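One structure follows; several queries about it will come next.
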Amino acid sequence: MFSRFFAPTVEVSAHCDLPCGIYDPAQAKLEAESVKACMTKVMDNDDPDFKARARTIKEERSDLVKHHLWVLWTDYFKPPHFEKYPNLNQLFNEATKLAGGGGGTKATWDVAVADQLLAKIDEIAAIFWETKKAAA
Amino acid sequence: MFSRFFAPTVEVSAHCDLPCGIYDPAQAKLEAESVKACMTKVMDNDDPDFKARARTIKEERSDLVKHHLWVLWTDYFKPPHFEKYPNLNQLFNEATKLAGGGGGTKATWDVAVADQLLAKIDEIAAIFWETKKAAA
Amino acid sequence: MFSRFFAPTVEVSAHCDLPCGIYDPAQAKLEAESVKACMTKVMDNDDPDFKARARTIKEERSDLVKHHLWVLWTDYFKPPHFEKYPNLNQLFNEATKLAGGGGGTKATWDVAVADQLLAKIDEIAAIFWETKKAAA
Amino acid sequence: MFSRFFAPTVEVSAHCDLPCGIYDPAQAKLEAESVKACMTKVMDNDDPDFKARARTIKEERSDLVKHHLWVLWTDYFKPPHFEKYPNLNQLFNEATKLAGGGGGTKATWDVAVADQLLAKIDEIAAIFWETKKAAA
Amino acid sequence: MFSRFFAPTVEVSAHCDLPCGIYDPAQAKLEAESVKACMTKVMDNDDPDFKARARTIKEERSDLVKHHLWVLWTDYFKPPHFEKYPNLNQLFNEATKLAGGGGGTKATWDVAVADQLLAKIDEIAAIFWETKKAAA
Amino acid sequence: MFSRFFAPTVEVSAHCDLPCGIYDPAQAKLEAESVKACMTKVMDNDDPDFKARARTIKEERSDLVKHHLWVLWTDYFKPPHFEKYPNLNQLFNEATKLAGGGGGTKATWDVAVADQLLAKIDEIAAIFWETKKAAA
């Protein structure tokens, strides 16, 4: 059973700016899932302390989403990728805005915004894995 | 193809100490893969600047491995888990030691140590996913 | 008895993962005292801004307690220690849980929880100084 | 004399993701100047310890350049800006790459690369101040 | 127009403890402006979530003000400066207190406190630029 | 004499900027001991990797010394203290310089510099505990 769960993660890995050449959109997705979980848990809990803690954690996790996406955009994707996927810049800009203040997950409890963020990350991940396959 | 890659990550998610109740050993694994990549890349590169940067990054990434494992050990696993898996404490202690100084990945370029660390993380992940299934 | 255990802190020192070989449970205790102080000060101050700031600081300080304890557990204590003190793993796991969310100091204003955390740290410190004396 | 120096900074200010609505490319420029200073100082100093410290600091400062630029790109610039300045995405992507590993300031001692980075930041700053004037 | 804005920043730059020998009070001022912006924006916004986020951000930005001022005080200013400007120590101590808890910007929404902090930073900056001119 | 000053550390506690009102020079001392340990361990170990890691850790620990001292200087000591101890500003400025670059512990392997730093911290601690006793 384990191998089924982990077959994919054999290829997953963390980014570093050596660069180690290993990237994975799962890192941004992980944090975005946590942002969404903070929102949903607050719906079922009217303790003001709990909501205050969730707000701070949601802020931090949204920041991590932005960071992981920025790293992919700058460090993984190269000029040929941007030529092949003309909407890539916009996708990253919209996704990181969705994890920020203003209308983003930092400033709202609306789960729909977290879902939009997750959908953008999936769009980016789809392109990411396509480029990995093309390079294989 | 994409869905096949991401089917598992539907369940993956980041930890927060709300707790949001979502954890994934992939975070520790991601960083451990990066540690290993720093080691292997240095084998093929005798630039002293490159090696110096790899050393620092390997140190930081090893620290992240320790952090993510500590979070699982303290925040995810509960007394019944430790009863059911008597070696769980030792597994975590050994895995975090393998990512530290002394004989760990911070203090060596030996890829075998990174592989031992990855193997320990897989052992922990196997137990983790078993408990998730049992709870489902 | 406590002061006896702290006589050794004349050799106080910080941990680093060189490892520099110097550790001290006082670091975790320092942060736990601050967590308790945040709780007690809020009792005497009904300014919502003050309470909100105390909540955030209590969260950060609780995190530091966990970090300092994890470092001791992984980096200072060795297999022979765990053999000699069979409850050591449990002590660390319970202490770090007491500094976390859920029932821990991050999620409550109950000073009794901070006192339980401080008591666990004292138990760990007692074992720590015993091992230092045994090694001297 | 002082007022002449600080007239501009009356408008400068730090970013926060409230958002507080205040941004300034000077933050990225400040760090890029530090990166360049690390490079030039090493030219005149053959102490290996000094060079090792400069390498680490150059790495950290380059990271800060990337961070400050990413914040501007995501949080300050809006869709109409990207329409009016079609090269804006590319400018930010190239500037942040110039502050990274691979061919960027993290991986080289070549002052020319720091100068290219500074020039890109000035290009971005020119557009930034144009948009601020247009909005005034 | 741009060159007029950026003429001064030709000399501005970030601190590092190499030391790279480059300092600028603008960094502290940038963060203090952000602290003030958090206060003023809250006046026009009675959303409790917005105020809670502003409180946390104001706390972080105030911390950055303290950090940048401490760096100037320790790393840039030398004994002859303290002899020439006998009130320099007091200026830094008062400015950093104004960015702290108690009566400082962390603990209040009173814009007058942020203005006092900004005025202190300007006093420090005036002395800073005088010493730079004297050294030129 | 030192042990007399550390008797109070039975009430050891960490600083936070609530302020929680609890401070202890032991935090700075802990990090300074670690800085010294990095230096002494390098004397007995000519492995270049070990020395490189020690250099980075020594840099980080020296930074922590500066931070903990700055906190005491700004947050604990009040105007009456500076009147009563006219050399207090200079003590803190010299101590933090000793933990910095240039002639400080970041830039040297000379244990004598770490000892000078430790001695300054003891001078500060002596004054600190006197003021605590006076306030008791």
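A, B, C, D, E and F label the chains in the order they appear, each numbered from 1.
Following the convention adopted for this analysis, contacts are C-beta pairs under 8 Å (C-beta built on N, C-alpha and C of every residue); 3 or more make two chains touch, one makes a residue touch a chain.
Computed from a predicted model, the values in this text were never measured in an experiment.
Common neighbours of chain B and chain C (chains touching each): A, F.
For chain pairs D-E and E-F, the one joined by more C-beta pairs in contact is D-E.
On superposing C-alpha atoms, the copy chain B sits rotated by 125° relative to chain F, to the nearest 5.
Of all chains, the one whose Cα centroid sits at the greatest distance from that of chain F is A.
Distance between chain centres (mean CA atoms), chain C to chain D: 40 Å. Mean C-alpha position of chain C lies 34 Å from that of chain E.
Rounded to whole angstrom, the centroid-to-centroid distance between chain A and chain D, based on C-alpha atoms, equals 24 Å.
In terms of their C-alpha centroids, the spacing between chain A and chain E amounts to 34 Å.
Shown for chain F are the residues in touch with two or more other chains, namely 17-18, 50, 52-53, 56, 59, 101, 106.
By the definition of touch given earlier, these chain pairs are in contact: A-B, A-C, A-D, A-E, B-C, B-D, B-F, C-E, C-F, D-E, D-F, E-F.
If you check the complex, the residues on chain E that touch chain C are 52, 55-56, 59, 101, 106-107, 109. Residue ranges of chain C in contact with chain B, taken from their complex: 17-19, 59, 63, 66, 70, 73-75, 77, 82, 89-90, 93, 96-97, 100-102, 106.
Of all residues in chain C, only 49-50, 52-53, 56 touch chain E in the complex they form. On chain A, the positions that touch chain B within their shared complex are 1-2, 4-6, 8-9, 12-18, 20-22, 24, 26-27, 29-31, 33-34, 37-38, 41, 50, 53-54, 57, 60-61, 64, 122, 125-126, 129-130, 133.
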